[in-house]
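There are two complexes below, and they share subunit A, which is joined by subunit B in the first and by subunit C in the second.
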Partner chain A sequence: MKFSIFDFLRTICTTIDKTHRSNVCALTVTEVEELQNVFALLLLGSFIGLPSPPSFLAVELLPYMQKELEILNERAQDANDKMAEMFGTLGIG
Partner chain B sequence: MKILFFTGKGGVGKSTLAAATAWQLSKKHRVLIVSLDPAHNLGDIFGVKVRGEMRFSETLYVQEVDLKKLSQDYLKREIKVLSDSYKYLQVLNLDTYFSVLKYSPGIEEYALLTSIEKTIRAESGFEYIIFDTPPTGLTMRFLALPQVTVTWIDRLAQIRQKILEKSYTIQNIMGPQSEGETLLSYDEKDDDILGKLVSLKSNYQSLNKILQGSICSIVLVFNPDMLSLKESMRLIEGLKELHLPLRLLLHNKICLDNLETADRVEKELSKVTSAQLERIMFRPEFQSNEDSALYYIKEDLTKYF
Partner chain C sequence: MTTLIILVGFALYLLLYFTYGKKIEKDVLKVSDDNPAPSEKLYDGVDFVPARKEVLLGHHFASIAGAAPIIGPAIAMCWGWLPGLLWVWFGNAFIGAVHDYLALMASVRYDGKSIQFVASDLMGKRTGTAFYWIVFFLLILVVAAFAAIIGGIFVRTPAVASSYAWKIGAALILGVLMYRLKMNFAVATIIGIVMLMLAIWLGTVTPIKASYTVWMWVFFFYIIIAAAIPVNILLQPRDYLNSWLLYAGLAIGFLAAVFTFKGFEIPAVSGFAPVLLGGKPTPFWPAIPLVIACGSLSGFHALVASGTSSKQLTKESDALPIGYGSMLLEGFLSTIVVVSIAGFGYTALLNAGVDAATVNMENWGAMFTKASAKVKMGGANLFVQSYADMVGASFLGFISPKFLKVLAGMWVASFAMTTLDTTNRLGRYCLVEMASPLKESATGFYNFLTNRWIASVIPAAIGVYLAASGNWLIIWGSFGAANQLIASIALMTGAGYVAKKMKSSFANVALVPAWLLWITVTAAIIWFIFAVQIGALAAKPVPGWTVLVLLIVMLVLNFVFIYDFIKSKSYKLEA
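Presenting the complex of A and B:
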């Protein structure tokens, strides 16, 4: 394939654009994941002893909760390293 | 259509009076009487065997709800949705573990409420639907269920909307990540969870409206004794909190021996409610048990509805 300086420059610009965009969004992405985690916790809180909504509500919504459950699981595993994740998101250190 | 709920402490005569009211009403109207009490005795009162639903007379239908079967049917449906959604678990034979859901608390109340809702919305042409309810505790729990649920749904929907809003912002900034990836949208209809929450909310709100509306009447049955009075007071308080319409108090099993207590009980109750009151006298025929007790209620119970 022929090397084109324009393609090369375009790739550089796109990558810079993407990096900036993802930097801008990083905090919001974390926020959304935390919200999904909170949503799952509220709905399925009885697993860890939180007051929970009528259980049929959890049963009704459970089939659509795959992503929330994954996040819940992930959060439980990463619980010890929360500070590192926060520092990473905020770009400290 | 009018809906009547007969409530009260266990053993005060709810079923007998509900049956008597149904019998009296059926002389002029088409009536369905439904027993929600797990310990059914409508069949005994009418002197027939009721399996599910039966036609007692031209205008009177009797129904006994099998609560256990109802709960199981509901869970079976939900477990099927779950198993369909997490199909990969079938490979490992793990889907059967969902069956543990049948032990979750609160399912019985929900099944009960679903049964009431189904009967009310069936549009079967009945002018009166009379529910003979289980003892106070369970009755209050299922009557409170629509309101408790709507409160929870509101809170959960708020969080969900925030998630969608933020996801939409992220998507707008980032753009589609790879080819074929779908855009997250802030449209309530595109999110399954919010869609389900919204549809559940509208369903419970309309049910609540029916229960609090003018077509619904709650009848409280009690006896001339202090225990019955205490529980009735609690029930009245509970109904007030839920804004459910208590329309009639039936003072059952009154005889010459307990007239003094009856007066005292009525005086206490009149302090907390202004609902109309009717005394049902205890008659020796009840004890002779020669025929169904149903026909010995002489008081006209239809004039209140």
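Presenting the complex of A and C:
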């Protein structure tokens, strides 16, 4: 494939743009994830004994929450292993 | 000489990346893109999402680069410019970068679990628990060391303090523009950079003068508040502006170092044991890892690598540039620091009031640290002035020297301040985890300890107190000891993974530096306790005993760890 300086420069600019967009959101994304966890617990907490919405409401919402449940299950498995993730996200420097 | 060293450093790192780095990739870790990375295996579109390696490299490098790769080499000038540089070059490529790379790959192979989890799996649960304790003590010492450094910068160069205050304002405005008004990203970025430059300029015309003690109080309240407010208000936009400071500092420093063509003003080697930590003769071995951390080797990096980077890796072969390559890049940053001080540091000292008869090439090792501290030109301040002078002597000399000095000061101070409130958040988390055994047995005490504000105040109060009352070089040495202890455990874990799980016949490539590092760090901590810390007790008993107790506990945990490592037989290949 023929090397093109314009394509090369375009790739550099795109990469720099993506890198900066990633940097400008990283911490905010982490906070959003925490809020998502709280939201999921509020909606489905009745299944684990939390006084959250009445069970019939939670059951009604269940089909729409499949993906959230899968993600929450994964996060629960990693819940005791958060230190390194915090180091990475907060950027100890 | 400046040009030569920079170009040699650049070439050396490139050579080692493509030879030694590739060897570890191919023969030790047996990296293959046929092995799915966690982002592919566990892809969920939320937590496990692949990122391009260039983007991940930028993010990873910004996470690990900070003030430490600048301060350490500046302090290490007491040995002359060569010993520290050799540690930055070869210690980095053969130990530090290997440490980062192994930690990243071990985490990738463990489906994105942290190095702490890997250590627990390979060595036992006790090792994982010990991590929390060592990290918590490390975080306290980080607060102490960095608060002391920033306090020293703010006192010597009040314009930096003012610039930082203006920068906080700029970060608050940027946060509103980006997250509330949802302004176009490129436009907001340009406005942010303009505000940053304005903040630096405003700092030169509105310096804030205050005493060291006042700054300690300011930092104490700043840490607690910054660690409690939502990140999108201050921390996120501030960190984004920091990344631009990093790029500017690196680019300007690199260009200036290459195009200055200046000889070095300080001796290549001043002696094996010049006066340094605690005012005592400090032997290059084993003390060098305590002095130069992040530019060559840092335990923090293992945690960062096994935190988010491993989860976002697209394929295994991306780990080499991210794990190994970014550490070499940080070493290159430290090379720029060495070059700037070696080329311009002595003149900076003379201009600050040091007499040529007091410090010269003959008595450099004996007098450098003491004389530079006397005129408040130790560590960070020496780098700030040297950097400004180096850029001023190059084709970039049209930039105002005052602006350059504040830029360099802001570079160090911004990253150090970021580290302060980050460590407070992390310290709060560690404290909660460490207190969990008390949940059932002492519920009231547990609730008190884990209260959000109490858990924030404890590491901040102890750290800032140590900074306010202690000798900052002793604190720096203690911070280095704790950091390298984590590095030693992480490298042993990575080496144990290679020996036990990979069964690679090249496992010694990892095991040998791991053992060498463990022996060096253990010897360094023992030397530090007996040669430095015990002698410091009489002058300041409370901070002295605080640091001594932390060091002793960490040393004990270190021996417990090596016992678990040997018992687990992770140190040799299984038949």
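We adopt the following convention: the second predicted complex is superposed on the first by the 91 of 93 C-alpha atoms of A that agree within 3 Å, B and C clash if a C-alpha of one lies under 4 Å from a C-alpha of the other, contacts with A are read in each partner's own complex, and residues count from 1 in each chain.
Simple rule for what comes next: a residue touches a chain if its C-beta (ideal position, glycine included) is under 8 Å from a C-beta of that chain, and two chains touch if they have at least 3 such contacts.
Values in this document were obtained by computation on a predicted structure and should not be read as measured data.
Subunit B and subunit C, once both complexes are superposed via subunit A, fit side by side.
Once the two structures are overlaid, the count of subunit A residues touched is higher for C than for its counterpart among subunit B and subunit C.
In the superposed pair of complexes, A:Ile92 makes contact with subunit C only, with no contact to subunit B.
Within the superposed three-chain model, A:Thr15 lies in touch with subunit C and out of touch with subunit B [touch as defined at top]. When both complexes are overlaid on chain A, the residue A:Ala40 reaches neither subunit B nor subunit C. Contact with both subunit B and subunit C is seen for A:Thr28 once the two complexes are overlaid on the shared chain. With both structures placed on the common chain, the touch criterion links A:Glu74 to subunit C but leaves subunit B unconnected. Residue contacts after overlaying the shared chain place A:Glu60 against subunit B, while subunit C stays out of touching range. After superposing both complexes on chain A, the closest C-alpha pair between subunit B and subunit C lies 6 Å apart. Residues 18, 21-22, 24-25, 28, 31 of subunit A are contacted both by subunit B in one complex and by subunit C in the other. Against subunit C, in their complex, subunit A makes its touches with residues 15-28, 30-31, 33, 67, 70-71, 74-75, 78, 81-93. Subunit C meets subunit A in the complex at residues 42, 44, 46-47, 51-52, 54-55, 58-59, 62-68, 107, 113-117, 131-132, 135, 142, 178-179, 185-186, 189, 230-232, 235-237, 239-240, 243, 300, 303-309, 311, 415, 418-419, 422-423, 425-426, 429-430, 433. By the touch criterion stated above, subunit B contacts subunit A in their complex at residues 74-75, 78, 81-82, 84-86, 101, 104-107, 109-110, 145, 148-149, 152-153, 155-156, 159-160, 162-163, 166-167, 169-170, 173-175, 192-193, 196-197, 200.
By the touch criterion stated above, subunit A contacts subunit B in their complex at residues 18, 21-22, 24-25, 28-29, 31-32, 35-36, 38-39, 42-43, 53-57, 59-66.
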